[in-house]
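In what comes next, chain A is part of two complexes: it sits with chain B in the first one and with chain C in the second one.
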Partner chain A sequence: MTLSTTEIFNKICELTEPFNHKSVTINTETTFASDLELDSLAVMDMLASIEDHYDVTVPLNILPDLETVGQVAIAIKSILDE
Partner chain B sequence: MTLDLFEKFNSTIENFNQLPKGELNPFTVSMDAVISPTQAIINGRETILAGTNNYMGMTYNKECLEAAELALKNFGTGTTGSRVLNGTYNGHIKLEETLKDFYDCDHAIVFSTGYQANLGIIATLAGPKDYVVIDADSHASIYDGCAMGNATIVRFNHNDHENLDKRLDRIRRKDPDAGILVVIEGVYSMLGDLAPIKELATAAKKHNAYVLVDEAHSIGVFGATGRGVAQEQGVEHLVDFTVGTFSKSVGTVGGYCVSNHPKFDVLRLVCRPYVFTASLPPSVIASATKALELIKNSNLRTKLLENSKRLNDGLSDAGFNVGTTGQSPIAAIIIDQQDTAIAYWQKMMQNGVYVNLAVPPATPNGLNLMRCSLSAAHSFEQIDYILEKFIAVGKEIGVLK
Partner chain C sequence: MHEPTPTLDPTLPRRFADFSTLLEALDYAAGGIRGLNFYSPRGELESSITYGQVRERAVEIGRRLVHFGIERYSRVALIAETNEDFVCYFLGCQYAGLLPVPLPLPTSFGGRDGYTEQLHLQMKSCEASVAISAAYMLPLLDESTSGLNMRFVGSPDTFEAQASLSDIKKVALPKVKSDDLAYLQYSSGSTRFPHGVAVTHKSLMSNCRGIGKHGVQLRENDRVVSWLPFYHDMGLVGMLLSPITCQVTSDYLATEAFARRPMQWLKLISKNRGTMCSSPTFGYEICSRRANPTDLKGLDLSSWRIAGIGADMIRPAVLDLFEQSFKDCGFNKKAFIPTYGLAECTLAVSFAPIDSGYQVDYVSDAVLSGDVKSFEKFKVNGDAGNYREVVNCGKLLPDFEMEIRDENDIALGEREIGRICLKGDSVMVGYYMDEEATNQCLSKDGWLDTGDIGYIAEESLYIIGRIKDLIIINGKNHWPQDIEWVVEKLPELRSGDSAAISIPGANKEETPAILVQCRKRDEVDRIDLENRIKSEVQAIIGTTPTVVLVPPRSLPRTSSGKLSRVKARRQYLEGQLF
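On to the complex of A and B.
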């Protein structure tokens, strides 16, 4: 079954929650660096939990392009659709 | 308005400016004089060095000094050239022969630093169609080697062979024929924990992946002849590439990679961090060669691990939150707040003990550490002094109850 980007975004919000130490309300524009105050290692840890949830490979190479939670949802959608 | 290229560093500058200037700043230490592998004068004060990665105390070994002096006199201060042009002297060849003998390997290549060895090997071996699969807690040089190359980079949970297996399985389902390089470290330098190489390498081999082990912090320290953790665990046959450094146990600077792959020497032509830099100076080459010969036949690692166990046990008994186990030459206590860690470091310096203040992102899991790397050259008296000061400062600033 193909998931919509919104469904993926909602799941990613859930998976991001353990890293949301400042209890920020997450929307698609929420940034990892400024809003969630995550360093690059924490972002990689978060991606690992997304990888395991969807059983996909998320290469670290795309990390520089992932500034917001919404961008991650779009990236996962395109990996799942491949 | 002209874009300020430095704008992106504003928060770093802000954070750094909040630290005190001068001798209380943990990132601007300067040694006035070095007395021995374990002592220096810092800010006019005699200081025990407990954070210098000088595991074997080789920096002042008499035979290494003599070899370096002789090479300096006979071959000059530097080679002024690349290994593939004018920068290969007999000494460089001899060092590579010594490494082949040390590792009982067919091929050895010497780099100008350990950082460049990882950069060069990882970026060159894995091309655009290949994968590099790295441990989450990898050293910056491994991450940078990945960033420099064109391969797809995948990260697995630290020291977790099941997690590695799962990630390799995903890659293979998608890409059955891709080349895969799995990169691990023998010892992880921040908390001094060892890789379970057998389990990790077995998972890699199951998926037809190559295995690279970085023994930077384990050469000299582990294994019957000091080759590292793979030798200690009896699994060298599972390792395709061993990378290491001369800047810790070997007591100078430089890096290397050894392998039995029949085509390995082609790297001398295609590995840019090998080709496009000057080779190591003759004195460095000579002391590294001598140190490797000494390390192979020494029992210094026994003394080193005794020293580490003594400090680790002492810290545990005193009630510290110790992040290390004493199985490697690292001893680190975990401090909750970064401000407290900085204050701790400052007090230790004022008490004549240099340790490393290690903070994220150099540390795993966001930890603030007071980190020691022990040396075989430390006396028990020095270890006990370090411990005494750890306890005294810990009580003073409320880390110890």
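On to the complex of A and C.
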């Protein structure tokens, strides 16, 4: 079954919730750094839970391009589609 | 299914880095059956290579580099992944008489421009002419090398294809001497104004001997299990080059894998009976935080005898929590070994005694919060009401001489706080191609002024502050001038308007703060400025800082007009800066 980017986005929002200490309303443009104020360790912690959920590994070289929750959803989608 | 290389090697008597070069050390290790093992993020053995195989591949790479016509002593930038390619290219450069320069990998989300700019500035500062990374990293490496004069930029595969020769064995390798430089280390220092520590073979051997023979006092059944990055001195020297020069088998987990699943480190220690597994304080902290009953089940940490701690300020509360979390898994707190070191001394300077755990001294807050720059002869107070725990970092390795000096460079006595100055074979010959920076910390007669503050009590070293103004977040060093530089780029701010400092967080950990002189009165404008400062700083250090807007001309200056961060920090913590 292929998941849509929206379904992945919704799941990521759910997985991000434990890290959302400021109770920010998350949309695709929400940034991990400025909006959610996550430090680099919390980001990796969250990434681990996303990776575990989808059983994928997000390669290091794309991390610098991921600033928003929406971008992570698109990245997971393309890894799943490969 | 292959097996990892063994811990024990009855065929090869141990030698403690008593070699003249790293090459001689590898030649010796290659005669045994030990080696290096690389594990996947989920803890499966991905590859295993004996020192004999490492040497064979490194010699071949060395010959290819010579054949390719890379001039002797050229700098070769290597994006330091935790894998065989990095190790073999690092050592291949040695055989070819070139200087490898390990460079960092991305560590978190976002910050693409900051990352490529950092690589660019590092390669530019040492005039690297070759840059090698795994194929998937090449788009980032290409961006970083743009505008630089490079002979080759690519992956190991493309290099080997381009530098091929049917009879590669005929290529002669240069003679490498003990005084030759072995590599450049960029792990400390400002990212905006980088300078690489130049490490000779002689320094490296001296330091590895100190670590193996005196620091950890290697035993036959010792085995390293590490997640530390190879681009950092503690990972490169402590976890890779010391094991090679002292013939120890090592198991590696990539740093990014540890950051996501820290328990894999402990599982690997348990599975392979690791004995020497060191980390900055924050590594122990994230293990305790992520420990859960499922992971703890079946975990056996009783083999672990050297839990070295270094690279950031050592916080006893974190070590206590780690012991509480893992003592039921056999972790013995006597394994904790606080250490002191810095890249300018290759790596290690002092080690606490083995098998005794960490010890603390109690230092009065009044002494610590004073303006230590003036170096008055404070006496450390043993029983003050308000005190801070300062960890004993142990005795100097035998190759060092040390003096604690005051502001007039006069050597101080027992329990007097001053600057830590060191001399010895492990001390760097200088920053590569940067005479000015070298002269600022290294005297003509070989004394290095570390800039760190501490004191000696009963022959043991106690560190009170790392390099005066350095801000260390999650084990990563940040230079205040780099943070101030991005803040002061904002249109309404000017140079000298900000001071980046670290302040204690909820668990006494260092957290970043930036004090900014603000001329605006309007509340909306002020909030807007604060938010932009937060996101600029976040982009380079990965953490959102506390932003404090202070009145114009309120940041303290020294008599020569330079910003005094020490004073700014004290005034802020005392609530005087509003």
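We take it that the second predicted complex is superposed on the first by the 82 of 82 C-alpha atoms of A that agree within 3 Å, B and C clash if a C-alpha of one lies under 4 Å from a C-alpha of the other, contacts with A are read in each partner's own complex, and residues count from 1 in each chain.
The rule is short, and it goes like this: a residue touches a chain if its C-beta (ideal position, glycine included) is under 8 Å from a C-beta of that chain, and two chains touch if they have at least 3 such contacts.
Predicted model, so just to flag it, every value in this text is computed and none were measured.
**Q** Aligned on chain A, chain B and chain C: do they clash or fit?
**A** These partners clash in the superposed model.
**Q** Quick check for you: in the superposed arrangement, does A:Glu37 touch first (chain B), second (chain C), both or neither?
**A** In the superposed model, A:Glu37 contacts chain C only, not chain B.
**Q** More residues of chain A are touched by which chain, chain B or chain C?
**A** Touching more of chain A: C.
**Q** Figure out whether A:Pro59 sits in contact with chain B (first) or chain C (second), or with both, or with neither.
**A** A:Pro59 contacts both chain B and chain C.
**Q** Tell me the contact category for A:Ile8 with respect to chain B and chain C: first, second, both or neither.
**A** After superposing on A, A:Ile8 lies clear of both chain B and chain C.
**Q** Regarding the shared-chain residue A:Ala75, is it in contact with chain B (first), chain C (second), both, or neither?
**A** neither
**Q** Looking at the overlay, does A:Ala48 come into contact with chain B only (first), chain C only (second), both, or neither?
**A** Both partners, chain B and chain C.
**Q** Which segment, 164-172, 434-442 or 560-568, is the chain C region that clashes with chain B in the superposed model?
**A** Stretch flagged for C-alpha clashes with chain B: 560-568.
**Q** Both chain B and chain C contact which residues of chain A?
**A** After superposing on chain A, chain A residues 39-41, 44-45, 48, 51, 57, 59-61 contact both chain B and chain C.
**Q** Could you please specify the touching residues of chain B with respect to chain A in the complex?
**A** 136, 146, 152-155, 157, 166-167, 170-171, 174, 360-361, 364, 366
**Q** Note which residues of chain A are touching chain C in the complex, please.
**A** 31-34, 37, 39-41, 43-45, 47-48, 51, 57, 59-61, 63-67, 72
**Q** Any idea which chain A residues touch chain B in the complex?
**A** Touch list, chain A to chain B: 39-42, 44-45, 48, 51-52, 55-57, 59-61.
**Q** Enumerate the contact residues on chain C facing chain A in the complex.
**A** Checking each residue of chain C against chain A gives 41, 105-112, 115-116, 136-137, 139-140, 256, 259-261, 282, 286, 290, 473-474, 531, 534-535, 538-539, 542-544.
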